[in-house]
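You will see two complexes here that share chain A, one where it goes with chain B and one where it goes with chain C.
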Partner chain A sequence: MNNLKMPSTDRTPEIDFDFGNNHLILRGESYPEDAFSFYKPVFEVLDDYLVQLGTGSCQFDFEIIYFNSSSAKAIMTLFEKLDAAAAGGASVTIVWHYDEEDDTMQELGEEFGEDLEHAAFRLTKLAAGS
Partner chain B sequence: MLASSLFELRARLSDAGIIFAYCGYVSEPMLTGLGEAVKQRLAAEDMDTKTLRSVFAVFIEQMQNIIRYSAEKRQRTAPGEHAPSPEVRYGLITIGRDGQGIVVKAGNLVHVEDVVRLGSKLGHIRAADRAGLKALYKETLKGGPVEPDGETSKGAGVGFIEIARRASKPIDFEFMSVDDRFSFFALQAEI
Partner chain C sequence: MNDDLFAREEGLLAASRAFAERDSFASEAERGAFADLLKGYEKLFKITRRLMRLSDRNERELNEMVGRERLAAEEVSRKNKELETVSNKLSKYLSPQVYTSVFTGAQEVKLESQRKKLTIFFSDIAGFTEVTDKMESEDLTHLLNHYMTEMAQVALHYGATIDKYIGDAIMIFFGDPETRGTRKDAVACVRMAIAMQRRMAELADVWRDGGIEVPLRCRIGIHTGYCTVGNFGSEDRMDYTIVGGAVNLASRLEHEAPAGGILLSYETYAHVKDEVYCEERGRIHVKGLAYPVATFVVVDLREDLEHAGELLREELPHLRLDAAPERMSEEERAAAAVVLRHALARVEKGGNALGPARPVTPGAEAGRSRPEKPDGRGEEKDRTPNSASGALRAEASKTYS
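Showing the complex of A and B:
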């Protein structure tokens, strides 16, 4: 299926879903004017991909600097979709990258991660300068 | 007179430690520019990354709260157009220094019938400790609709909890009666 690439804007993150390599990245800041409209097509493409993935393996990297409360629901939904795919037999790894100078983002990553039952989860510091 | 009264307003803001102030109608598209302005203003201040991000996060939640819930709203249809322009709502927000901390204050009108519900929600958040806020955040996120920003999520829960989590002290709020239809709602968070 076609990869999904969306450049970042002032208020939306970069989306880099490289389905060919089973590597998905969400990067930057997320406080869209309308979080529902922004994330809906992302959810749809991800749903199609996860069905097709079956029992294959994939990695999702979250490299988020900041997200607002409306985006929090969308991020939780992404986690839930990935965990459901893992429950169905896929080998899913979620990596949450946080800026070590902002421990709120580390805390939020831990909180989203602790709800995962099937997907593997890792917290890691963002590479300096990214 | 013109210059002196305007200079006096400027001096009052400055004396109060205000580094950013906005008062007027606001919409989501307008928030894009205002957000950039605040980012640049904060970057010029001497503060660490976490404080800077937290002040910005609180600013965004406070503004979006005004944009979604202020009871003072206006929708204009531009001449020659049938579709109304995006709704704008009125509120004010200030970011200021207070001793070692940064304080973000926001105010807007609310309908009197919403005061009790809103006050009880905020009282609950103000009384919660860090662990309580964390639990409340998750509970509210999970209880909401699947849509991240659907009409039914207008309960304004997660935004207030996010503000409280980013603050270094309990949030403060107050309602002031304006007339028999409206109250003025003020919310403050210190980072």
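Showing the complex of A and C:
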């Protein structure tokens, strides 16, 4: 299936879904004016991919600097979809990258990770300002 | 805090979980449906609490950011005020045009220069040393500052670039960093000089009341020529100024000027003669110049002389009359009469309409030799008596039309 690449904007993160290599990335800041419109196509393409993935393996990297409440709900939905795929037999690894000086992003990552029952979860520090 | 806020929901969940364990469900399907409902509620409850925490956290961070921004803005504002104060103080050491061109970025602050045709002005106070010998230091400071302030106001009114003050001397130029063209720059400079001398006359009364027995009179020299203008000095300490032979000549003219007078070089005179009435003075030799320089002393603005009736000026087709009878010497008066009689005879006789033009050459008839070109290198174009600055000028067109 076709990869999904969306460059970042002032208010939306970069989306880099490299399905061929089973490597998905969401990076940057997320506070779109209409979170549903922005994330809807992301959800749809992810759903199709996870169906095709079957029992294969994939890694999803989150490198988020800031997100608002609506984006938080969208990220939780992404976690749910990935966890559901893992529950279905896929080998899913979620890596949550956070700036080493950003306690908020670390705590949020920890909270989101607690919800996962099947997918593997890893927190990774980024060097400050990187 | 959140625990208290959600106490009722926590209580409801605890009661529902306990209820789910009871045997009172009619069927396992009902128990299952209740368990699903409970699970969904627990999830929503978790999401709600998380989003609320996130929202509170974002708001907190936003407020902290606003606080930091406010402090930063206050710091920037304070720094700006400091810079403004310093810059205002510094501006007093620079000509406004130079200050503006540097602060707007139009002028680069580095050691570089360029050649430009400028009109250069020098003035100093005649007999200043004698005046200062009779004054206390404090009075002298006050007098000098008052004089400089008054002259600077006049200079800025005419758009001058004040280069520097050297003791009681003032060095000014026109044509950089802004220029209105060489001619207009020269005219502005001479008009400024006339305005300064007029202001000096007004100030004489003020100073006399203040104890200055002999009124201050300044000498002014003006020359128009090519200079090298730009930043001179070192990388750490530079002056925006002008250098060159033209500057030396302007300074020399100032030394040669009469007290209370304005002495122009021929180059400046040539640009201003239509607006400023001048009289020719002798030639001066300037170190570095191979030829003597013709000089002209400013009498007044033509418009003011005409207004006062001192200047006769008429312009008709094929006739131009420009005369100041009251300023003529006996010899000049006699020569002028010859010229006018000759002209009158020619006019009354009428002319050969298609005949060749004959220039008026009254100087020869008045027994005067034709003056040399002011720079001494050839013929002068203006052939009226007493040179171009004389008290009479009559010109006829060279061809009949």
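Rule of thumb we're sticking to: the second predicted complex is superposed on the first by the 127 of 130 C-alpha atoms of A that agree within 3 Å, B and C clash if a C-alpha of one lies under 4 Å from a C-alpha of the other, contacts with A are read in each partner's own complex, and residues count from 1 in each chain.
Here is the rule we go by: a contact is a pair of C-beta atoms (placed from the backbone, for glycine too) under 8 Å apart; a residue touches a chain by one contact, two chains touch by 3 or more.
Just so it is clear, the structure is predicted and the values come from calculations on it, not from any experiment.
Overlaying the two complexes via chain A brings chain B and chain C into a clash. In the superposition on chain A, A:33 makes contact with chain B only, while chain C stays out of contact range. After overlaying the two complexes on the shared chain, residue contacts for A:73 are found with chain B and with chain C alike.
When the two complexes are superposed, the chain touching more residues of chain A, out of chain B and chain C, is B.
In the superposition on chain A, contact is made by A:11 with chain B only, not with chain C. By the touch criterion stated above, A:111 is placed in contact with chain B and with chain C alike.
With both structures placed on the common chain, the touch criterion links A:102 to chain B but leaves chain C unconnected. Across the two superposed structures, the residue set of chain A contacted by chain B and also by chain C is 66, 68-69, 72-73, 76, 104, 111, 115. Taken together, the chain A residues at the contact with chain B in this complex read 10-11, 31, 33-37, 39, 65-66, 68-74, 76-77, 99, 101-105, 107, 111, 115.
Residue ranges of chain C in contact with chain A, taken from their complex: 46-47, 50-51, 54-55, 57-58, 61. The touching residues of chain A, when paired with chain C in their complex, are 66, 68-69, 72-73, 76, 104, 108, 111, 115. On the side of chain B, the complex with chain A involves touching residues 28-29, 31-32, 35-36, 48-50, 53-54, 56-57, 60-61, 64, 134, 137-138, 141-142, 144, 146-150, 153, 158-159, 161-162, 165-166.
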